[in-house]
Every structure is written in C-alpha cells, then in structure tokens.
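Questions regarding the structure given below will be posed in turn.
Chain IDs A, B, C and D follow the sequence of writing; residue 1 opens each chain.
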C-alpha cells in the first residue's frame, strides 16, 4: 500500500529567516520528519504549494483537488495550514473522489521550532490514512474528524467536533 | 471512547543522569508528549513499570497483561522498550483479551534527547488504537503489525513483517 | 562580582504565537537560558523593554542608558536585537559611564526555536563582561568588538570589525 | 588571533547508540556547535581523543599536554569530561606552558540531547581564552577558575572555588 503525501505549507513548514527576522516558507520539512519518525512506508511526497493557508485561493484548492484526483494512490495525506484546512477538506469532499482515503493534517507550532506538534500529527495522519475507509478527514489533536463534522476553534487552537 | 495508556519504560522514557553520566528511568514523558501533541483524547495514563525491556521478566509481563485485562477501556496503548516488545505482544495475545484493541509502541531515541522518533510513534499508536479492530498490534515505523507477524531487526533497528 | 543583565528583547526573546501565527514578545528567556547554562554567577536580571530593536526609539535607548547609569554593578550584559545593537552601543558610549564594562549581545535565531545561537552568545557575553576593562562592547559570533569598531553585515548576518 | 580547540570527548560529545541503547563517542560535536554559535573566529580544531574523562590515563593527559606544547596558538580551549577536568588542568599547569592561555570546559548534558549546557560553556570558554592572561583555567557555570582553585562538586554537579 502506497501513500501519497501532498505538502502545501502551513505552520508545519514555516521557518525563521534570520536575515529579515520574518517567518517564511522554503522547502517542506516532511522528509526530515519522516526520517526522524523512522517511517518505513511506501511513500510518494509531492509539494503542491508552500503557503500560509490563509492566503490560499480557490485556484490553489483546485490544484490540490486535481493532484488528489490524479494520484494513483488510494491513501493520501495532505499537510496543510490549520486555518483553512476544513475549507480544503470541503473542496475535496465536493470532488467526490470516492475511492480515496484523504487525511489532512497540520501543526500549531512550526516543525523547525523544536517544540512542534507536527511530528505527532504526521504520525497520526499517516496511521489514519492506512486504516480509515474512503473519505475526507482531518487528523488533529490525536483525533480524526469527518470533513463535515469539525472546525478549528480559533480561540483555543484545537479542533472540535461540530456534530 | 476512552484510551488507556500503559507506560512501561523503554527508550521512550530514558533520561540522562548528569551526576552519574548514565541513562536511567524516572517518570514517564508521556504526559509531556501528549501536551506537545496537543492531544484532545479521553485518556487514562498509568505507569506499570519504568524499565529497559531487556530486563523485563515473565512477572513484569504478567502485570502488564493483568492491567490490560482489568482495564475498562477497549483501546489500550502500551509504551514499551523495542527489544522485547514483540514478546510482550505475544503474552498479551495468549491472554485472549478478545474485545480489546491493544497497540504497543516505543522509540529508538529517548524523547528527552530532542531528536526522538517517540512523538511520531505515539501519534501513530494512538491513532491505530482508535480504528483497528480488536487484537494485539505493534505500531512502529509508521506501520502497524499483527503481534504474530513482526520482529525487530536488531541490525537496522526497524520492525519488519515476518509473514 | 555581580553582573546586571538588562533584557530588551530582540530575536533572543521572540516567540511564536500559535493562535495568530505571528512572532511576538512575552517574557524574556534569559532565566531559562541561565538555568540551561547552569550559570553560577551573582546575577541581577531586569527587563527594560521587550521589543524588536528596529522599533527602538531614542527614548527607549535613553531608558537603557539610564538603567546602566543607575545600576550598582560594574559589569552589565544587555540582550538586544542585532539590527540596532551598535546604535545602542553608541548611545551608551556617549553617556560616558567610564567605570562600567557593558557588553551587548543578541541572537540571529530565537532561543525558543531550538537551533538558536543565543546560548552561545549569552555564555560569551557574560564571560567578556567579567574580564574586559571598562568600556562598551558588542559580543557576537564568539568575538568582542569595541562599540565604535563594528557593524552588522545585513547581507550575511554577522558582525564585522570596521577598523 | 588564532585559537586552537582540542576535543577530548566527555559528556559534550556523548551520543545515544540506538541499536545498543548505550551512550558512546563518535565524532566531536564542536564543529556543529561552532556553526550554531555562528562563531567567526580563526579556529583550528583537533580531536586528541574521544573518551569519558573517568577513563583517562596519565598517557592520555600526556598527549593533551604535548598537543598544547606543540601548538603554535597562544590561546587553547580544551573540551573535556568534567569529572577529571581539574586533574588535566593540573597536568597542564605542571608543564609550565607559560605563554599560553589554556581554558578547559565541558558539559553536564550531552550536546546531542537538546537541553545541553555545552553551547553556553563553549561560548564562555572561547571568550575567556581571548582575554585572560596566560595560565590554565577551567570555564564552567559561566565562571572561570584558576587550575588550582576549583573542584567539581560531585553531589551538585557544579564547579566551586576552593580558595
């Protein structure tokens, strides 16, 4: 069983630019995270975009949907900013890719900053992607949520079940 | 759905004693790891023992089995040294706790040492425990293995499917 | 010999706000850094301001100068953003606090982000402050510079001798 | 001004062997530490030995003394296990290398373990080596001690002035 990982940026991949003092995106940290996690999965990693999910447009979402539709793999993990993760999940559900298990995950703290939740979330998302039935899910806070049954609580930073 | 976590030690929980220069066990790091992972699960954590799994006796395993049998939860994650994780999985399978999903996991690098795989594995194990059918499993390297279908390759440090 | 540490913010103390996704200042990390460094010095820590040094005004600098003038200690370390560290050094030199050894230091990467140079720089600055003669210095990159003989190279991020 | 760094091992350079579960020595971490500290010093790094200082023999100390005597540099920093650092300092003082400033330093926690004091100590030792007069010193806990005026308190892990 092969899993495709689509990296789209988000807090997961933010870095600190020491010359400007600002956060920015460069390459995805997913390969380093997989090495640290000693993952021995059949994985295909692809960077679709590297951006803050607040800046994502309908076009960006359409590209993510297209990459999922075109992918040969039945299991897909998408690393994504948490702010609009649920929106992208909706776009994916609308696309009715009914034979695929798609799991979106992200992080509240950049992986590069040492104290990140990203490694926990990536381990979680890859695991859910292997065993959940076809559908679109969000994996955050150790839980999995159906695409239409969760939201990010902006005040607390955690994902909540809505139904 | 509540998950019980049984901490038994292993590399996960090794620490460096700066006065003696040796590795030792103190308290489990699981609570700190759950905080870092921002886990929002209904969890019950219990320390059964804090030891190197190479030092585990049949008595220690019997205690772990008993704790699983007595637990009210149907989902159980056991943090365990990797060297004899499969042995403990066998002991658990022999106990025929047929309604429970039990997932053993561990780490190759101590969590306290920064570059650990432990957070990835804990995220993975907690996720598998929520969705796999009843049975005894090992979750390592991003994968899950049936208790009777894996071994640790001592030369490479990774878990392999045996069947 | 007692050393006063004046914390003013700068990259040293930047943190990641996981709710807004932005960098911000909260409390100084100097106490945690001193614990990690196992410093056994007679230290007095005082937070003068917590800000990006690019935002520092003449008033802010006047407050720093005043705190140095009023301090009873002859050795002072100032943690400071690197961008205008040399400007503050000039303001301090202009104040002619001739009996004091004042060492400014900073960091290129926030201490909270794991891969920071801050701990190295703090160890360096505290050491220089104990042995250099009275004067105003910048301690960065393992070196010490007289206040009027260095600049930050914005393209490379390192401090250079100008004379 | 060029500084020679002699790496001899000690806690500084201990690593965790994930296959055996034991601490061991491989290469020195000093180059990585200098990169992290963004050191811009004229440095010559040499590994004399990689060992626990409790295992050091008179022969090992003689090699360290010889390397200091033969070195062209007037400033030398030695990374060393803390347990017998003072013994090596004595051996160096006995050698009467009167024109050289030699600073020994170490760590209580291995650099590879994330929470190490090593980076602080290295920054401190390199700074003291640049400004202290000729002599043999120990730099630990942010302080510098004359070779014959300090000891490691084994119960607390800190260095203390003895006179």
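Here is the rule we use: contacts are C-beta pairs under 8 Å (C-beta built on N, C-alpha and C of every residue); 3 or more make two chains touch, one makes a residue touch a chain.
The structure presented is a predicted model; accordingly, all values stated were derived computationally and were not measured.
Visitor: What is the touch distance from chain B to chain C, in steps?
Guide: Minimum step count, chain B to chain C: 2.
Visitor: From the centre of chain B, which chain's CA centre is farthest?
Guide: Most distant chain from chain B: C.
Visitor: Can you check how far apart chain A and chain D are, centre to centre, with Cα atoms defining each centre and the answer in Å?
Guide: The answer is 45 Å.
Visitor: Can you check how far apart chain A and chain C are, centre to centre, with Cα atoms defining each centre and the answer in Å?
Guide: Each chain's C-alpha centroid was found; their separation is 39 Å.
Visitor: If you average the Cα atoms of chain A and of chain B to get two centres, how far apart are those centres in Å?
Guide: That pair's centroid distance is 26 Å.
Visitor: Enumerate the residues of chain D that touch no fewer than two other chains.
Guide: Touching at least two other chains: 108, 114-115, 157.
Visitor: Flag every residue of chain C that touches chain D in the complex, lowest number first.
Guide: Going through chain C, the ones touching chain D are 33-34, 36-41, 108, 114-117, 119-128, 130-132, 139-144, 157-159.
Visitor: What residues on chain B touch chain D, complex-wise?
Guide: 11, 14, 16, 18-19, 21-23, 52, 54, 83, 108-110, 112-115, 154-155, 157
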